[in-house]
Structure formats: structure tokens, C-alpha cells
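In the two complexes that follow, subunit A is the common piece, with subunit B as its partner first and subunit C second.
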Partner chain A sequence: MTTITAHTPVATMTGRRSFVRRNLPYLLIAPSVIMLLVLIAYPLLFALRSSFYFWNLQIGPEPQAFVGFDNYVQALNAFDFQAALTNTLLLSFVGTALEFALGLSIALILLRALPGMNVVRALLILPTTIAPIVVGFLFRYLYDPGGGLLTWVLTSIGIPIPAVGLLGSPSTALAAVLFADIWQWTPFFAIVLYASLLSVPEEIIEAARLDRASAWTILMRIKLPLIKRTAIIIVMLRFMQLFNTFDTVLVLTRGGPGTSTRTLGYSLYEQGLINFNIGLVSAMTWITVLIVNIIVALYVFFAFRNEEW
Partner chain B sequence: MPSAKSSLYTILTYAAGLLFLAVFIGPILWFIALALRPPETAFAMPPQFTFTPTLNAFRHILVDPGTNAPQLVNSLVVAIGAVLLNLPFSIPAAYALSRFKLRGKKNIMLWYLGLLMAPPIAFLIPYFVLMNRIGLTGSYLSMVLVLQTMTIPFSVWLMKSFIDEVPAELEEAARMDGARWYTIMWRITLPIVRPGIIVTSMFAFVFAWNNAAFPLVLSARSTATLPVGTLGYFATSGVTWNYIAAAAVVAMIPPMIIFLVFDRYVVRGLTFGSVKG
Partner chain C sequence: MASLAFDRVGKTYPDGTVAVSNVSFTIENGEFVVLVGPSGCGKSTLLRMAAGLEMLNSGRLIMDDRDVSHVEPQDRDIAMIFQNYALYPHMTVYENMAFGLQQRKMPKAEIERLVREAAEMLDLTRYLQRKPGALSGGQRQRVAMGRAIVRHPLAFLMDEPLSNLDAKLRVQMRGELKLLNERLGVTTLYVTHDQVEAMTMGDRVAVLKPVSDATESNLQQIDTPQMLYDRPANLFVAGFIGSPAMNFVRVDLSSSGAGLTATVIGTGTQITVPLNTALLNFAGRQVIMGIRPEMFRVCTPEEAIFNEAVPVAEALGADTFVFFDIASPPVDVNDTDEAGTSSSKGKNRLVARIPPAKTPRPRERLPLTVELESLHWFDPATGLAIR
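Here is the complex of A and B:
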């Protein structure tokens, strides 16, 4: 790719035109950056200010009292917020890892490129296209303790289901929520990893085979390192989406039973839009933002350290 | 001559293919069946795989009384609005990031990427209070605006990858003929990347269409989008499951069609252009 410098000297330029000339790339980027800054800075600053106040919207439209760091202390000490934090981290790490592993396995099978498998590949992506809220409904139907297809299948093959259903029992609810997410997003990993593995040059793999490298060695030492950049991006993307899990939980369990499927996203929703506790929810927002930023910053730093742009 | 080992591999591969379809497509078909089956068979035990299909549920949600018909329109307005508003912001930015040498390009790109990954859920409550204050709660504009936090960074990344592919020589030739940068951008580069802009818009549309969190908080009854509308059936149970499924099936159709039609670009769309696919 050739880059064109914006510094083409033109002898007859007027002051204004030369300003535009010199800063052209920045001027082209500016509208989007300003728009995004406004859309992001406002909520963050608003939440920062509100987080130091006691403010319940049901009591009044303005903050009721300055309370310092009380909201933060309250959030961090609240049992349900701690549960939400644990559940969210668990969902994010376990979900991303399982989806990556399953997706990679499927991708390797798709790579066998037999006639007709193209149809499988094209259809496989469909779960990923569905709105998470709809996936929530779909799985609520499948999990129904009375007449759900999945309940029936599992019972038929001799796996006991809690009488209250998979979503109703504290011991299975989080796994059931996770399973719905795995169903929706494993195809995403499969399709993307398949496409990037296709681009690994055949000669390199052939050369390794001649050196009697095993299929496992070829995968770990050649294929995966070559698609590292893709893997880094999709893992991070998926991790953050899982960290935001909210729609599916809202439909499937409303965070229950107890706090067993409560996620940060659901906690924020509940405190903000059901309890209207703006002060507390703002503190929770900032705790979330800090955690996310630390994770993303570390990840981006290590993952893109050696990248050329 | 295929060896016994390789034909066993072939059989296993096809068996795996069928298993993938059963696991990943089966539930979707089962949910579509829910929208089409007589309500009393919805939770039959054992499940009823055969039934006389009926369009009653679709008639109920779209025509008579047509509870979800306005929501379908709202979903279209919000998603199309979000895509249209994003273009004048993202096209110039993508062009600049692709074509010009500029300081901090990597950081700017990563900043957009970071925004794509930022938890929208953290912003829900502040947006809710803000839109209340400026009197935009319940308006299409509030949803379209807030969706820009997703559509702009997404489009910048994906469109940059398309502009990167346009040979710079074409622009160089025009520059030699004395064309100015905006003439070059408008008359040469953008027409060439038009397919890329369409692909970008289609996937941005899907993201906006599937987003439920923002409309859940910002929409009013009259501007509720389809995913939010399906939540409305939630209060009751039993027979309304057919309506939920019918509304959900309608909500599923546009993204599915876009993904199947733009099959070639799916990987690219899902990875913001970082994987060519």
C-alpha cells in the first residue's frame, strides 16, 4: 500500500488552503472522533460525577446528597455485585476459551473441503446472525422444564434434569446461560478461523509434513502462529462481548435463581432502570469501566506490541 | 484408489457435518416450527415433530391486531438511520486512515477498536438520564445517535480495509492530471469502493438491527423496536409463545438474508476487515 503525504508543496497557496492541506488527514478524521468523544465522554463524566452522590431518581430529578466514595464502598461490599463480577469473569474466560477450542475443531474439519461441506459452512454462521435477545427466547423454549426439546433429549438419553429446569436450578443455570452463548458464537470462531487457516500457504504445511511433523505439531507450531493476528482480534472481541452479557440473561433468568446468573450488565440494568439508583449504578459503571480498560489495555499492549500498521 | 483409511475419514467428516447442522441449525428450525405450529402443541411431551402448519401467529403479530407491525417499521427506521448517519463520519475517516501518512495512526485505529469493544451496558444509564434531560427519550434520534458508538468505529475499520485495496496508482494518475484530493476521493476512489461501502452498510445494519440494549432503555412504546417488542409478550405465558416465536422469526430474517447473500464478505464483516476471508 502506498501512502500519499499531505505535505505536497504548492507555491501559490493561501493561508487557509495551506492549513487545510497540511492537516487534511486530521480534518477528515476529526468529525468521527469528535462525534465519538461527545458520545463517550458525556456518559463517563456524568457517571463519574453521579457516583459521588446519593441519587435515587424515584426521590427526585437532582442528586440528593454528596456521599464521597460511599457508593463505591457499597457496590464493592454488596454480595450481589460481587456475584455479578465473579459470574461475568467466569462467563467471559470460560466462554471465550470453549468457543475458541470448539470453533477451531470445527474449522479444522471444514478444511477437509469435501464436496457439499461448503453448504454446511455457509449455513453454520446462522446462529451468530441472530439477536442475542432472540437467542434468549430460543433457549428458554428449549430449556422449558415441562416441554422443552432439550429437556426431552437430555432426559431421553438418561441425563437427569432438575425438576425446576436447567435455568431454575442454581447449580445449572449459569452453565445453561453459557451454553446458549456457546451455541451462538462457536460458529463465529469456526468460520473466521476456517477462513484464516485457508490462507496458510499449502507449501509450508507440505514442507513440515515431509519433515515428519505430526498434525498436532503443524497446527501448534505453524498454522496457529500464522493466524495469530486474527486470533488475537476475535478473542478480544468475543471476550468483551461476553463481558457485556445482558440481553440473554434478561430473557433467560433475570439474573436468578438467587444471584447465580447475575452479570455486571444485568446488575447495572437492575440498579439503574428498575431501582433507579443512579448514584450506585454510576459507581458500578466506573468500576466496570476500570476493569474493562485494564483488561483491554494489557491485552492490546501484549497482543499488538510487534504489529506494523 | 481411496484407501480404507481415507474413506473412513470421509464418512466421519460428513457425519461431523451433519452433526453441526443438527446442533447449530436444528434449534433455529425448531423455533421457526414454534411460530407455525398450533399453540396447544408447543409444549407437548414428547415433542411433536409433525403438525399442520398455520400462519395464525404471523397474522396476529403483523396484521390482526398487528401488535408487532409498527415495531418492525421502528426497527427498520432505527437501523437504517444508524447506518445513514454513520456514513458521513466514517467514510472520510476511513479514507484518511487508508491513504495518508499520519502520526499515531496505530493508536487511532486501536482507539476505534477499543470503542467497539467498550461495554455499551456501562453507558446505558447515563444515556437514559441524558436523553431524559434533553427531551429526546423515546425518539428515534436518541437510538440512532447512541448506536453511532458502534456503527462509526465498525465502519471505519471495515471500510479502510476496502479502500486499502484500491491501487494508489489510480489516484496518482489523477493527481498528475491536476485533480484535487476531494475530486480524487469523490470521483475515483469512492466509486471504486462502492461495493465495499454497501457491504459495510449491510453489516452495520445487522449490528444496529440486533441491538436490544439501547432501544430497551431509550425507546418509548411507540418507538420500540422488534427485539424489545418480543419482550412485551413476556408477562403472560403459554399461548403467547407462538407470538414470541413469530416476532422473533421476523426479527431473524433480515440478518440471515444479509449474511447468506454476502457470504463472501461474512468473515471480513465479522472481523472489521482485519481478516480478508
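Here is the complex of A and C:
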């Protein structure tokens, strides 16, 4: 009989090395956790504290007075809050819905192997790669009442344009802002949905055809449910982005005319970076954060309720 | 139920590749026909044509008396079972089976009755609320079957439905499928590359071969499994049906008084052949002789037709396959030589099935004779059987 003796390597290992080995997962994830804390948690908490103070940077660098919930009361009663909230909700819901529907239609067309589709696919990604500020400028020229391309096209096909231009009239300005966003972000939906539709096995579609399903039924009961997870996530992402719309509004309308295109994001910018009203803008930030989180939480709850992950 | 007729059906892809050409045969009402052949022989394409998933460029496809060549799959009332089952992954077993019925606006209670009936038949009742992801391969296979049978379609199309199962389950499902087909009596077209599956399941088996141009036909022979084995129409079918495959040997035929003598090219071995009128016409020419591995008999060295060393022996338990080489040119079943002759050089490896007790020791010679009545003869110029 032979006895095998095992020498435990632990004894010979340096203390430092075993520490690294034991805590490797935590060490690897630590940088992202630290980044999150520094870049998100700290500013949010800082804003929470500031929201209880009267603090205007034009008066002095330190908070001027503790005011309790006054900033919140003031924010909710501000002349533009109602309008900004309505506009923001309109932009987010209508924008996300239209971009999803249009993007899905384009994705379904892309799936058909028509000639020239490769070029179309490549071109489609372009709008998404442009900075929103640049898109804003682009559309300002397109909408220009004096000689903008869109103004000219609409007038020539007989659609009346307000004399002050699409961006100058309160009745069309928000739609014009929305249109610029749709132009930029529909391709994003198209590309992502196209990619996920590609992953639906052809055999399953064929099986459905043999089961006598119409093209519409196949889309609603086979294709969409199979890409549901991707769709849920991009809709959520896009909704949150739209809720924070600010840069296109800044370039196109500065929230005007009146408050017709004012968004919560633009109001935040105005209070914080024009009026330097740090206390008030902190309260507004928290209100916005709460609203968007409640909506997203409800959405996530209902969307993922029946999903097995 | 319906009959399904392929009438000179052909399919050429835009790049000029000929997938299918000149295929004509009819599946009778309630018949189980198997398409078998090596990869690229067009068997799956033919099946997909029957489904309407692949369009034909030439010929017609007739269901009963209706020309369905260009009818959409939705309007054919055919059910198909796919190789990977193609179950709807987001639906439960019940929903998978009910989906086709829902498309026909059938009342809910009727759907429920049909699905439960099919689930009962396939032993799936316990799994109705599960999703396909939570089922084993065999169970998924049965759900795919269930989805097809609840609809009571005019015909079943099956595309290698057993190829994703392990060997044991495959044998079991083979039996179940055959039984189910007999019970339901639905016209079935079944595709496989496995000849055992083809032979055991088909009422008739169609042997297909890849084609290179549109003048040929993929269809080599369609017949009952036994007829394919006993009377293969040509070299390709003879070489394809049977496992291990038939041995082919080139011989010179000469008439010798009362009968015919076949002289093996290369070795000069002489075999006296029983008289056969069709074969008489080939006297004085070279022909190909086909010997099934099971037609060899171990004998004394004096009686032996072949007496060679055996480099490889495969013991399977009940039988042993012995492989040996003769100094004779090999025969390629896919390449019939127009001239009818070839060089006498080369090595031809033959295989014989013998009882395990007769297995020779390594390097020992094994004397073998052949049952002369069961030899097959082929014309080397055309590859066709001589009969």
C-alpha cells in the first residue's frame, strides 16, 4: 500500500496572493461600482441636499439658507411646470410609440431580400450617429420659413405652413421638434429590431405558414413575441432618453414659442445654467427623477411580469 | 387525405445550380413514401416543394385533381414536421398544438377536444402546460407530431424528423411514427438520408441522386423496400440500398458451351454463371458484377472463388464483416464509363458477411464462394441492371 500525502499549498502561499484570489470577483467589479457611486449616487445625493436650501450661484458660492420643502413647492407651482411636464410626457410617449412602429416597419422591409438593401442598411445608421445638437441645427435650416427645404416641399404640395414657420407657431412647434427626433431615432429601432428579427428561425415562420397563419398573425403571434425582450429594453431606453429631451429643444426653439415646446430637461437647463438657481433646480431634478422612475418601474413590472429569465 | 403527384418537377436556382430535375411519381392516398438519397440529391427540396415553401420552375404538382404548383403553403392544408421540430418556443405545448386550429376560426371547445385527443394519443397530456424548452428531445418530437395530427391535414410531410434523436430513441420513435401512420392512414412523404429508416418505414421508397444538369432525373427508382433490395434498377440504387453496400467487380463475359463464364479483370478468376438470357447479349463484353456482402459463403480452398488475406474484420456479435482486397479495378457507382472498359490496374476492396465462428486469424486467407443465383449484373456503359 502506498500512502499519498498531500502538501497543502495554502501554507506556502503569501497572504497577499490569497487575498487577491479570494476577492477576485469583488476586485473586478469594484471599478464599475465606484464609478456608479461617484458619477450617479453622489450627484443625486448632493442634489437632494441642495434641494432643501435657497442657493443661487449669482448671490454666492455657498448655500444661502435652509428652506425645507419650499423649493419643491415653488417648482410644482412654477409657470412652466405644467406645460413642461405635459410636453415631456407627450414627446416621450408619442415619440417612443411612433419610432417603434416606424422602426418595426422598416425592419420588416429590410428582411425582404430586395435589391439595394445592403446600401439602405448602411445609410440607415447615419442619422443615429449624428449628435442631437447637429440634428437640431440641420432641422432649423430645413424648417426655416424663408427658404427651408421642408417648408418649401410642404408649401409646394399644398400643405399650408404658418407664416412664422413650423417652429414659430405654438400649434406646430412641438410636432416639429418630435419630427426631428423621429428622423434621428427611428433608424435605431429599425436596426435593433432588424437584428433581432434575423434571429427568429426561418423554420418557425415556415411552420406557422403551414399552420395557415396570415402574415399579420405571424407578425403579432410569432415574430413580435420572439423579439419581445429586445423590444422591451430598447423601448425603455428610448423612453428615458426622450424624457430627458433637451438639446434639440435648445437648438430648435429654446422651449418656445411661449411654453409650447418646453420640456422638463429644458426647464432644468434654464434654471440651473442660466439662472444658476441651484436649490430650485435640485428640487426640479428630484421631481423629474421620481416621475421617470415611477413610469419605468411600472413599465418594467408589467412588461416583464410574464417573462421567465 | 389526398394523393400527391409530382409531374416532371424541376428546380434550378438563379445561379444555374440544378437541384431537382424531371422527377415524376405519385403518392397514393394514405401511402407512406420515403425519399432517400445522399446529401444534395434534392430530397429536401422536393419535400419543401410539396409544402409550398419552395417554388418549382418546371413541371406540376397535383394534389388529388388540383394543380397546387403555385399555391401558397397557407392554402394547401398540409402539415410538416421539421428536422429541428420548429416548435413555437414562447407557447406552451397546448398552444403549439392549438395554433393551427385557431387559424381556422374553430370554436374553443372543439380546439380543446382535438388537442386533448392528440395529446392523449401521443402521451403528452402531462406536458400540455409546459413550454418546449422544458421538454426532452423525444417529447419535442411528439409535440411536433401532435401539431401536425390535430389538424387532420390532407398530407404529412416529414423532413428527417428523427435525425436529432439519439440512436435508441430513434428506433423507438421510428416504430411509433409507423404505427401512427397506419392508425391515421394519412398520405405521408418522408425524407431521410438513413436507409434503415427508409427501408423500415416506407410503403415505397424513392431513391434519389444528385444531378448535374436538367436532362437527368434525380429519381433513380421508386419501389417497395424489398424490391429495391432484390432488384435494384441500376448501380446507384444497388450501391445505396443495403448495408454494408453491395460489392462491385468488373468481369469479362464469355459464352462457354452450355453457359457463361465471367472472368474477373485483373485476377483472372473464372466464375461459371447460370444461364440468363439477358446476360447472353453481353457475352464477349465487359460487365459489372454485383455481390451483396450477405451472399458470400465460407468454403474449402478448392471451391473458393475468392481466397484472400483479411486485413480488417469487424465483429458485430451476430455477424462479422470481413474486408479483403482483390487486384481488380474499383467501380465508382457515380461514374459509369462510356467506353465500357477500363484499365486492369487497381485494388478493389470487398466486404463479406460471415458467421463470427468462421472469422480468420490475422493474415490468414479466407476461402469464399458466392451464391451464383443472387448475383446482380450491370451494364458499365449505362449503369443499368441487366435483366
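Everything below uses one rule, namely that the second predicted complex is superposed on the first by the 280 of 309 C-alpha atoms of A that agree within 3 Å, B and C clash if a C-alpha of one lies under 4 Å from a C-alpha of the other, contacts with A are read in each partner's own complex, and residues count from 1 in each chain.
Everything below uses one rule, namely that a contact is a pair of C-beta atoms (placed from the backbone, for glycine too) under 8 Å apart; a residue touches a chain by one contact, two chains touch by 3 or more.
All values reported here derive from a predicted model rather than from experimental measurement.
**Student:** Determine, for the superposed arrangement built on subunit A, whether subunit B and subunit C clash or fit.
**Tutor:** When both complexes are placed onto subunit A, subunit B and subunit C end up side by side without any clash.
**Student:** Name the contact category of A:174: first (subunit B only), second (subunit C only), both, or neither.
**Tutor:** Touch partners of A:174: none, neither subunit B nor subunit C.
**Student:** So, A:225: does it touch subunit B (first), subunit C (second), both, or neither?
**Tutor:** The second partner, subunit C, only.
**Student:** In the superposed arrangement, which partner chain does A:249 touch: subunit B (first), subunit C (second), both, or neither?
**Tutor:** So A:249 meets neither subunit B nor subunit C here.
**Student:** First (subunit B), second (subunit C), both or neither: which does A:214 touch?
**Tutor:** The answer is second: A:214 touches subunit C but not subunit B.
**Student:** Subunit A residues in contact: does subunit B have more, or subunit C?
**Tutor:** B
**Student:** What is the contact status of A:203 with respect to subunit B (first) and subunit C (second): first, second, both, or neither?
**Tutor:** The answer is second: A:203 touches subunit C but not subunit B.
**Student:** Calculate the angle at subunit A, using C-alpha centres, between the directions toward subunit B and subunit C; round to the nearest 10 degrees.
**Tutor:** 80
**Student:** After superposing the two complexes, find the smallest distance in angstrom between C-alpha atoms of subunit B and C-alpha atoms of subunit C.
**Tutor:** 7
**Student:** Along subunit B, where are the residues that touch subunit A in the complex?
**Tutor:** Touch residues, subunit B against subunit A: 9-10, 13-14, 16-17, 20-21, 23-25, 27-28, 30-31, 34, 42-47, 88-90, 92-93, 95-102, 105-106, 108-110, 112-130, 145-146, 148-149, 152-153, 156, 164, 168-169, 171-172, 175, 181, 206, 209-213, 216-217, 227-228, 230-231, 234, 241, 244-245, 248, 251-252, 255-256, 258-260, 263, 266-267, 270-272, 274-277.
**Student:** Using the touch definition up top, name the residues of subunit C that touch subunit A in the complex.
**Tutor:** 51-53, 72-80, 82, 84, 86-90, 99-100, 103-104, 147, 151
**Student:** Which subunit A residues qualify as touching subunit B in the complex?
**Tutor:** 1-6, 24-26, 28-29, 31-33, 35-36, 39-40, 42-44, 46-47, 50, 57, 106, 109, 112, 114, 116-117, 120, 122-134, 137-139, 141-142, 144, 146-149, 152, 183, 186-188, 191-192, 195-196, 199, 229-230, 233-234, 236-237, 240-241, 243-244, 246-247, 250-251, 264-265, 268-269, 272-273, 278, 281-282, 285, 288-289, 292, 296, 300, 304, 307, 309
**Student:** Flag every residue of subunit A that touches subunit C in the complex, lowest number first.
**Tutor:** Within the complex, subunit A contacts subunit C at residues 201, 203-204, 206-214, 217, 221-222, 225-226, 228.
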